[in-house]
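Listed after this line are the structures, all set down as structure tokens.
In what follows, chain A forms one complex with chain B and a second complex with chain C.
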Partner chain A sequence: MANIAVARIKREFKEVVKSEEVAKCHIKVELVDDSFTSLRGEILGPPDTPYEGGTFILDIRIPETYPFNPPKVQFLTKIWHPNISSVTGAICLDILKDQWAAAMTLRTVLLSLQALLAAPEPDDPQDAVVARQYKETSDIFSQTARHWASNYASAPHREPVMDDKVAQLKNMGFDEHKARVALSTHNWDIEQAMENILS
Partner chain B sequence: MHHTILEGPLNCLALNRDCSQVVVAGRNVFKIFSIEDQEFQEKVNLRVGRNINLNYSASDVAWNPIQDHLLASAATNGAVVVWDLNRVSRSKQEHVFNNVHKRFVNKVVFHVHESDMLLSGSQDGYMKLFDLRKADVSSSFHGRDGVKDIQYNPSHYFTFAAALENGNIQIWDMRNTSRWERQFTAHNGPVFSLDWHTDEKMWIATAGRDRMIKQQNRVRNTHTVQTIASVAKIKWRPQRKFHISSCSLLLDFSVNVWDIRRPYVPFASFNEHKDCVTGISWKQNNPHVFFSSSKDSTLYQHMFRDATRPANDANPVGISISVHGSVAYASSDKLNSSTTPRSNSYSRLPAVWKRTPERSEQFMMVTSLLNEFEIINSAEAVEDFCMSWFIRSAREYKLSGRSMAEVCEHNAKLADSMKRHQIAQTWRMLKLLYCGKSKKAPPSPVATAINNPKTEVTKDTDAERTEKQEVKKEEKPDTSTVGHGIKNHSDFFFGDGDVDQAVYEYDSHRNMQDGQEWSLPSEAFQPRHEIKETSQPLDPLSENTKGESPSSVNESELNSKRNEQVALSAQSGIKQEILLTPPFNSHLSPWHFTTLVRDMLQSYAEKGDVQTAVTAIIVLGDRIKPHLDELHIEQWFMSYIDLLGRFEMWTRATEIIRMSGHPAVGALNQLSTTIHTHCSQCSKPLLRSGWLCDRCNGQLNVCSVCHLPVRGLYAWCQGCSHGGHLHHIRDWLKTYQHCPTGCGHLCEYT
Partner chain C sequence: MSNCRYTAVATWRWVANDDNCGICRMPFDGCCPDCKVPGDDCPLVWGRCSHCFHIHCIVKWLNSQQVHQLCPMCRQEWKFKE
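And now, the complex of A and B:
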């Protein structure tokens, strides 16, 4: 890897570690191996959102051409969000694509992602299903997002009704995650969800 | 007003309590005069005794305000001397405080109310308070820098102010010797003088080397007077709240009395002295009399009625033209009121209320009107006026990089396109003069026949000279067409007879301008150059008289010669027969056109078109430079550069400087450039060089790409002021158009 990328990442790593946000447990970053090419980030779900209290793990890969190209970031924790794929965790955020600027650092990227959780952009979606739900039935969206956050990101607020529905399908012998996806996709209509899984 | 002349320069003066006597002191003088109605009468000479040493010369002197017989002086060797006039012996020296100060004592001053308290201020930074009863120092104040002036606050028993060399004013309380009560920076550079206002308790005036008199109200600076030279001494005028008198340390030998509310014109000025004034002292409670001592060894008593009033001599009307053609016009409102009496407010009031304002009030009531006129219509005359031609030619003239012929042709075309035919002609002429030979159109039959380069040259130049004369004739600002100009002024060159001829010439020129190539000499004047007539006499003569006759003579003779030809060929009239009389083939040396070119450039410069002169010099280079006065060249260049600066064509100006080849002009580019920098994170201005910002402790000058400090070359976008390592910025801009910091600027890398 080019020298400049390593040097920069080292500095940015320190910056994140020293930053105020780490002190308040808002963001965190740790090494996966010693090479500084692959990092693990962690962000706290922002308050007053369905993600509040959840801990979301991110996979950060630093390209060799960094900082001329943005780091590749995706969610490892499953999340229900219009701009984040509920299947792969891929993120649709301009600064991770064409609006990347060299002035940005790991810290600012993590903070930007946190801000993205607080302010979804349904007109520029990564996950069309989620985006539609967000726009059409925002109540269901936030409940679903909260349900996902409580199940995958260990957020404190649970959605008992949805938990029950998932458990119901699980008891019928379906895979829990598949059941959850199907239910979420079909606005928690069990019939439709089952049809979807079986088809 | 009267004065007395002493035997040496005076450093200071002081009045006694009732202003009946004055003491003056200098290096070689120490005398007391009594003040009479018409003269000064010498009372005591203090410079007596067996061994007169430095203690007998003074840099400052003070008269005890309570006990009339006590004086104190600051000797130049650091001693403070007390004098008692009541001593019976001849020498009045009472006590000498030696070794109190390590350096020069600048000021001694008695306490306003206590006769036994004497304060001295010295260059060594200390102020010492003497108790005359004990004949010893009772307290010492350390001001941290040379003390230039001190004065007791007349309205506060314990307070005094000190003026420091570093520009600060310190207010001290006598009871606290450890530290000043208050300190503030009053001036840039040393403060030379300060004065408490006698009536306004908190007013203090200060003056210093930065040529300003400032009136401070506690810490706030309320009025500032601009002077023309460093101010040595200031004194408030008694009973006049806003008046202050000042004298200069150098250059200006007059005593000026200012009204601090009108900071640029002195209210009154006293110009009697012939060298710098060193001391001013107003007669107590009398605003009309004051005394001054000067380095010209004179002591003056000034009466206020003798003052000159600079404001009365000031021109009440001002006009200025901006580079873009706007005109600003300012005039005193008095001028307007005289024409429109209604605007005078007093005339409408009943007679009882009519009151002529006092002079000082009148002085303050001066107002003026400023009008600004902009050009809106674009008539041709106005276009000339607003100098758009200047801008365009400054931008588009080519001065180097190609052959001279091309350069000249380009510039000529440019001038043509702006309807400046005269300038165009000049460029074409220069081209012909200096590089026209090679490009000449088919030579005249005779020239070939003779095959003598010399004739060719003369013939050639002859033709060009006529053009030049035309050009000269065109040098009238109002010539709208070339022909018109020639008609008007042809007599100056040709005599009465050949108006027709001139017109003919002009026509031929015009034809040629229309033509594709500049081949004027051979075509235009071919008919006139009957070879038989010209070349024969030319040949021998040119050899004989070469370098002998000055070109001006040549010119006139050639002129007449040509006129004859014209007369002959045109067969026009009797008038021209006069012109036939000069010998046809008198002196025909090769034509030294350099002098003419020189004259032409000079004439351009004199009528204000330095652009043409300077650009021509640059293009001609060494062909013309040796013939011009160095000083002239410098002047022209400087004014052209100045003009370019006014039009904000800095790049052009730099190019001109670079191409000038003149040492003094070239030095302009050697001047250091100041770039003010500030921290990129907190915007604090950086006062010192270093790697960290003083305020936010952030690293300075980091590369925006790799976020490491840049050591060495910092590539820097002039648009958004972001940048970094050269190779990083280059790499970044290979893939992105935007600035690496994400500021949104589209940086350019070239």
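And now, the complex of A and C:
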């Protein structure tokens, strides 16, 4: 990999480790191997959001042309959010695409993602199903996002009614995650969700 | 009679408004990652927006921009300060 990319990641690493946000346990970066091209990020779900207290793991790939091109980032932790694919974890965020600037760093990227969790942009969605739910039934969206965060990101606030519905379908022999996706997609209507899984 | 000898030593610094280049994040007292020796071979340049970078770093950034050439720090249009 180009000299500048590795040299910069090494310096950034020290910066993130020393930063105030790490001291407060809000963001974290770790190496996956010793190559400095593949990193693991971690952000804490921001307060007063459905993601509050959850730990979200990110896969970060550093291109050879870094910092002239943005890092490739996606969520490894499953999440229900209008700008993040509930299927692949792909993120729709302008600074990770055409609005990237060479002065941005791993630290600012992680903080921007944390801000995205607090302020979704439903008009520029990555997951159209989630975005529609966010716009049309915001209460159900918040509960669904909280339910996903408690199940996949170890967030402390549970949604017992939704947990029960997933358990019901699971007891009938359906795969837990498939059941959760179908219920989330059909605003927690059990019959519609079952029809969807069986069709 | 005493014999005094003086050895002259000088230091230099770039007068920049920051300690590190925002692109490579190396100190301005040093050089960009592609150079070996700081100084005239790896000079600093300023934009009209007052942001400062190693010339090698900002040129690479500007070359990587297809449409608008913006300062990587403040996103204003990049113009070299005369």
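The rule is short, and it goes like this: the second predicted complex is superposed on the first by the 199 of 199 C-alpha atoms of A that agree within 3 Å, B and C clash if a C-alpha of one lies under 4 Å from a C-alpha of the other, contacts with A are read in each partner's own complex, and residues count from 1 in each chain.
Heads up, the rule we're going with is that a residue touches a chain if its C-beta (ideal position, glycine included) is under 8 Å from a C-beta of that chain, and two chains touch if they have at least 3 such contacts.
Quick caveat, the model's predicted, so the values are computed rather than measured.
A.B. asks: Report clash or fit for the pair chain B and chain C bound to chain A in the combined superposed model.
C.D. replies: After superposition on chain A, chain B vs chain C: clash.
A.B. asks: State whether A:A119 touches chain B only (first), chain C only (second), both chains, or neither.
C.D. replies: A:A119: touches no partner chain.
A.B. asks: Where does A:F68 make contact in the superposed view: on chain B (first), on chain C (second), on both, or on neither?
C.D. replies: both
A.B. asks: Touch check for A:A102: first (chain B), second (chain C), both, or neither?
C.D. replies: both
A.B. asks: State whether A:R11 touches chain B only (first), chain C only (second), both chains, or neither.
C.D. replies: So A:R11 meets both chain B and chain C here.
A.B. asks: Do any residues of chain A touch both chain B and chain C, and if so, which are they?
C.D. replies: After superposing on chain A, chain A residues 4, 7-8, 11-12, 67-69, 101-105 contact both chain B and chain C.
A.B. asks: Which of the residues in chain A end up touching chain C in this complex?
C.D. replies: Listed in rising order, the residues of chain A that touch chain C are 3-4, 7-8, 11-12, 15, 65, 67-69, 101-105.
A.B. asks: Spell out the residues on chain B that touch chain A in their complex, using ranges where they run on.
C.D. replies: Touching chain A: residues 704-708, 728, 731-732, 735, 738-742 of chain B.
A.B. asks: What does chain A use to touch chain B in their complex?
C.D. replies: On the chain A side, the touching residues are 4, 7-8, 11-12, 67-69, 99, 101-105.
A.B. asks: For the complex, give me every residue of chain C touching chain A.
C.D. replies: Interface residues on chain C, with respect to chain A: 22-26, 32-34, 57, 60-61, 64, 70, 72-73, 75.
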